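Chain nomenclature is as follows: A, B, C and D, assigned in order of appearance, with residue numbering initiated at 1 for each chain independently.
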């Protein structure tokens, strides 16, 4: 099972609404399916040029390794050489800071959400809000 | 001047509606801003894993070189070594088949749309429909 | 809105004059447009071979992430793994030391300037002088 | 011996003037020194995003292999696998179409000029004009 586009759109909309309500800086929201492939992206006006690449790297790192990107940050603090090497190995960037959140349903990982634009903690909060708005379970670390 | 997210969303929705009305295979739609950076993406259910990368390469090739991807196909037919080398040079894939369409307003290039999923001709037709629905001018070649 | 070539040339000339007046080592000055694409470069005689790449990486990092490269240095001091991963993600080098300065006009980011050749602080001062000479607003961090 | 910045600026200005006088599309002009490193770049307003990369690839291919890029096109017509492999080998793109012109003085290669924006033949003509305006000898193939 994997997130479908309609669910991805719900997540994007709810994450963006959460950010707007909280007064966050403009966000970029990326949703990946269970295979780690891009499903939906929106980069808000004023979110800088490469925010897609950063948000993607949070979500792609998370779904690639099977943990939220907050756990990848903890690993980077202890073993930076692992995270650097893993990033080179997975065929795409791995951004090891909060904001890459796994999406679970009935215990299975069905996708991941990556957000960039505000602080890493706020990015993660918006991802969690988006996932919960779709009735799914976020895993942050 | 560059496309904003709201306009990008309008283009995505109208291109998808065009494809659905025509009975096209599931589409992936990518919108880039004037600088060639990702603004919005939607990959429809059933559109295969790496359609984002293909659609992106059509739009990115177009905005990088300043012509629609149909013109890049014509160039590739005559000088395949040029298109291959250009792809290596621009720091991102360049997909030289129809479906990467420049977006113009008042004579200036303000973004590009890339679509993949059906035939290249149909992908391009959906991109044109999306751009025109936003009141903007498509350049296909 | 983006810097045009004539403004970029004004910035380059003023930054170089500032450096010459202060007795700085030979500078390389790079100006990028709002999309992060190269507009103008001058490498002064005696500025070493790959100074273009260094100056470009300061400006490209800044415009990609939306902060001056001084802020990227602060982030690198705290989270070196983030800055390293972000550099891999954005499709081009990110040099996290001062001397990559955003260019703002009416609150919008319209480009970035990167300078390398003297100390990072002096590189940044020359970038600021160049931007101000063009009547624009520099953001260093 | 190598081109200095003042000579590079003369070449850029003369090439641009030639293009403007002839009514060419907006050009991007790149000058490399004898070592193949960037000396000066100007991308005219309306010259598309990645024209620096294309013009650079013409000049870098030329100075890397020691022939004008017109000769590299002839080689690509006969042995596309050589040009493709050489491009991968030289640590930067090699664009094998006219417009990358060696700069000679007293029989020695002292730099290269790459231009992109109009047809390859016109790009080359502008490069030749720029080099001759600096009292130097262009080698196109």
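Observations on the structure shown:
We adopt the following convention: a contact is a pair of C-beta atoms (placed from the backbone, for glycine too) under 8 Å apart; a residue touches a chain by one contact, two chains touch by 3 or more.
If you want to know which protein each chain is, UniProt gives these names: A, B, C, D = Heme-binding protein.
Note that the structure is a prediction, hence the values are computed from the model and not measured.
Note: the chain lying farthest from chain A (Heme-binding protein) is D, by mean C-alpha position.
Chain geometry summary: the mean Cα position of chain B (Heme-binding protein) and that of chain C (Heme-binding protein) are 31 Å apart.
Rounded to whole angstrom units, the spacing between the C-alpha centres of chain A (Heme-binding protein) and chain C (Heme-binding protein) is 30. For this pair, chain A (Heme-binding protein) with chain D (Heme-binding protein), the centres built from the Cα atoms lie 43 Å apart. Separating the CA-averaged centres of chain C (Heme-binding protein) and chain D (Heme-binding protein) is a span of 25 Å. In chain D (Heme-binding protein), 49-50 are the positions where the chain touches two or more neighbouring chains simultaneously. If each chain is drawn as a node and touching chains are joined, the picture fits none of the line, ring, star or complete shapes. Those residues of chain C (Heme-binding protein) that touch chain D (Heme-binding protein) in the shared complex are 4-5, 9, 35, 37-45, 49-50, 52.
Contact residues on chain D (Heme-binding protein) toward chain B (Heme-binding protein) in their complex (touch as defined above): 47-51, 53-54, 56-57, 73, 76-77, 80, 83-84, 87-88, 93-97.
Chain B (Heme-binding protein) makes touch with chain C (Heme-binding protein) in their complex at residues 1-2, 33-37, 91-92. Interface of chain B (Heme-binding protein) with chain D (Heme-binding protein) (complex): residues 35-36, 63-66, 79-82, 84-86, 88-91, 109.
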